[in-house]
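In what follows, chain A forms one complex with chain B and a second complex with chain C.
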Partner chain A sequence: MRSTVAALLAKELTLEWRTREAVPAMVLFSIATYVVFHFGLDRDRVVGDLAAGVLWVTLLFAAILGINRMFVAEHEQGGFDGFLLAPVDRTAMLIAKATTLFCFLCVVELVAVPAFALLLLGPPLTQALPQLVLVLLLTNVGIAVVGTLVAGLAIQTRARDLIVSLLALPLLVPVVLAATRAATPLLQDGGAGALPGNWMAILAIYDLLFALIAYAVFDFLLED
Partner chain B sequence: MQSKLNVSCRHPAPARYLPPRPSSVLPVPTTDPVLALRGAGRRYGERVVLREVSLELERGQTLVVFGPNGAGKTTLLRILATLLRPHAGEVEVLGRSLPGDGYAVRGRIGFLGHEALLYRELSGRENLRYYARLYRAAPARADAVLDAVGMQARADDPVAELSRGMVQRLAIARTVLHEPELLLLDEPLANLDPAASAQVAPLIGARAPGRPTRVVTSHDPSGGLRDADLALGLKGGRVAFLAPAAEIRPQQIAELYA
Partner chain C sequence: MLTGAFALVFFYAPLDVDQGFVQKIFYVHVPMALVALVGFIVGGAFAVMHLRTRESKWDMRSYVAIHLSVILAVGVLVTGSIWARASWGHWWVWDEPMLVSFLIVFLLYATYWPLRFALEDKEKQARYASVFAVVAGAFVPLNFAAVRMAEQYIHPQTGATIAGGLPPKMALTFVVALAGMSLLFVTLCKYELASKHATYRLRALRRRLAGDDDELTLTGRSAAPQL
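Now for the complex of A and B:
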């Protein structure tokens, strides 16, 4: 299984490096959205819950762009059949795809979070950064797992983009809610507050729950 | 000839082009068949695309499948490849029942469909090495099959930049990469020039000693029958004829396309 996941992951990253279809679009979308918020809210700086909300809603919509592209190469170039014909555990594709989306989100955040801090965030980012990274990582796990599940389902339909938005957004509301509540004290004026453990726990439990659901049903999404 | 073929029809389909055959002509196989279909059928929604296909094929034999577009040839191959579930009847491949035991036979089947199953942005070599890892084949095997299909010189070019014939050669290389026991070939020589066809022929089992069991679809009566032991004619998803290849007349094949 590890070798299969490694092969799939290497293929995914090579394809993204060659085509540059997902990550640049997600980065540009994030920055453009922060610019729109900057002018739309008519504020130079946001703090607390508003800052956390703007940060995560933007990252969520950027993630939708990546989720929409997740299985396109498999669907259009026969990668699904090639994978299904091989004597490998189908869960390997779930792990590889979720890991790929997780990596994409991390790369996007490397650019988008500093851009957010520059364009909108009131308090300096440096003090909150270590704890914010923890929230970002847990959020990325949730988005990656739910996104992979939804993308696997939507790719079998004609209205892929619509299905992804209709399913992923409601399913990811708890992730965004928990991430926003967890990050609110970190983005307050006057220095970062303590990281709320209860919201981090909710985020972790939600990640685990959807990882188990995805593990249970993903094989059936790939089968005829 | 017929006694060597061990062809049996446990659920004889309507023989529209052949007279009914006495049971003595179709003896019971003496060994376990590599393929056994008993009343196999498949539908897409309400539309039945394959119905009541029954046949057996022994190790090393070749079944050629004729039929016009939409006759059910590709559906039959995809069922045998474990990519589609049969909706009726029983299907056994390499001694295992499908779809339940599909996991046990996947690594022993080579499937060449209409799509090459290659990523366009990867090179031929990268694609084959990717599949070699999925099939746990040695990386050197990818280079060996690239040589065998005559694609070593263009092996590092992206598949998107290759001609259809070259892509077909890579697809054949992918199909035989893991040295499968059963080859399922959907018009394997499509888009190939005569020299390329001759080059890949030994790889896909034509005229090769100790060749794998094969199911090959074809629209070419003479070429299709040349290397076949058994011929199946499909029309509208139904079996039009099923007989030893040596007994099939060109007229019967022509009638399929009429």
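Now for the complex of A and C:
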């Protein structure tokens, strides 16, 4: 099981390293979205709940770009058949894909969050960086799990991009909600407030429950 | 039953002190919302049965439950808006967990048909729709819990009122209305199932009469499950 996951993960990361298809697009998209927010809100700097909202909405939409690309190579090149023929547990695919998306999101945030601090954020980023990283990591887990599930659900359909957006947005509303509420005190002017524990708990529980649901149903998406 | 409930609503239940006549919409709105949510979860349970047994009848039941729940959900959103306009003065109130979470659930389930339509193969369609129904069914209570924590309460709390905040006459009317709405839901489910069976039988017989074996005599596009 572990070696299968490692092999799949290595394949995904090599593929992305060679093609550079998803991650650069996601990074560019998030920076473009900041510019759009700057003009849309007509603000030079954002603070507190507005900052949290802008950051997480941008990351969510960038993540949807990545989710759209997730199973495309498998679908078009017949990778699913190869995987199903191999005598391995199908859950390995779920874990590998979710981990890949998690890594993509982390890499995107390595660029997108400093860019956000540079372009829009009012208070300095350094004041609450460790807590912010914690919120980002929990959010990434949630987006990765839900995203893998949604991408698996939508890959065989004709209107793939449409279905992914329509499904992922409502399913990720609780994640965005909890993440923005948790991050709001971190991005206040005049020093970071304490990290609200109940929102972190909600994020963690949501991640855990959706991981279980995905584990339960993902096998059915791969039978063909 | 529902008629009886409506009779009780209009002639028996006392007028609310604060809200007056408008409060009567409570007896339609709340049972409808509860039945729709339970319907979504039941649809998810049927989908689990479908994934376990692979019998298309479970897919059909899940489809019908979700179908009717979405129709009820439209009714809930409309009556809820009317009630909100009357008692709070706005058609839509954002800091209201019930409204928001119901809207999110509704938006999610509205994707059920695009998903079904987008899959050609019937077997695959049924399987994917079931996976969707399971995920969405589990999402319903989760979403309510999350959104509920996010906002402070001004919604008239149904749970608390059933527990004892409601005067007995109102409580009786509410229970009758809830039972009536549930029975309506079950009846409609049975009716739609029967209608789908009949349509399918008719089509099969007609095909046999016409003597052609191909499946391409379907008229119109439908994403409903076939038996």
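A few remarks follow.
The definition used in the following text is that the second predicted complex is superposed on the first by the 224 of 224 C-alpha atoms of A that agree within 3 Å, B and C clash if a C-alpha of one lies under 4 Å from a C-alpha of the other, contacts with A are read in each partner's own complex, and residues count from 1 in each chain.
The rule we apply is simple: a contact is a pair of C-beta atoms (placed from the backbone, for glycine too) under 8 Å apart; a residue touches a chain by one contact, two chains touch by 3 or more.
Quick caveat: nothing in here was measured; it's all calculated off a predicted structure.
With the C-alpha superposition on chain A as described, chain C and chain B fit side by side in the combined arrangement. Of the two partner chains, neither chain B nor chain C is touched by A:115.
In the superposed model, A:144 lies in contact with neither chain B nor chain C.
In the overlay built on the shared chain, the residue A:171 is in contact with chain C alone; chain B does not reach it.
Between the C-alpha centres of chain B and chain C, as viewed from that of chain A after superposition on chain A, lies an angle of 80 degrees, to the nearest 10. Of the two partner chains placed by the overlay, only chain B lies in contact with A:84; chain C stays clear of it.
Annotation for chain A, partner touching more residues between chain B and chain C: C. After overlaying the two complexes on the shared chain, residue contacts for A:220 are found with chain C alone; chain B is out of touch. In the overlay built on the shared chain, the residue A:4 is in contact with chain B alone; chain C does not reach it.
Once both structures are overlaid on their shared chain A, chain B and chain C have a minimum Cα-Cα separation of 5 Å.
Taken together, the two structures place residues 223-224 of chain A in contact with chain B in one case and with chain C in the other. By the touch criterion given at the top, residues 51, 104-105, 107-108, 110-111, 114-115, 118-120, 124, 127-128, 130-132, 134-135, 138-139, 142-143, 146-147, 149-150 of chain C touch chain A in their complex.
Listing the residues of chain A that touch chain C in their complex gives 149, 153-154, 156-160, 162-163, 166-167, 169-171, 173-174, 177-178, 181, 198, 202, 206, 209, 213, 216-217, 220-221, 223-224. The touching residues of chain B, when paired with chain A in their complex, are 81-85, 99, 103, 106-107, 109, 111, 113, 115-122, 126, 130-131, 133-136, 158, 174. Contact residues of chain A toward chain B in the complex are 3-4, 6-7, 10-11, 14-15, 18-19, 73, 77-79, 81-88, 223-224.
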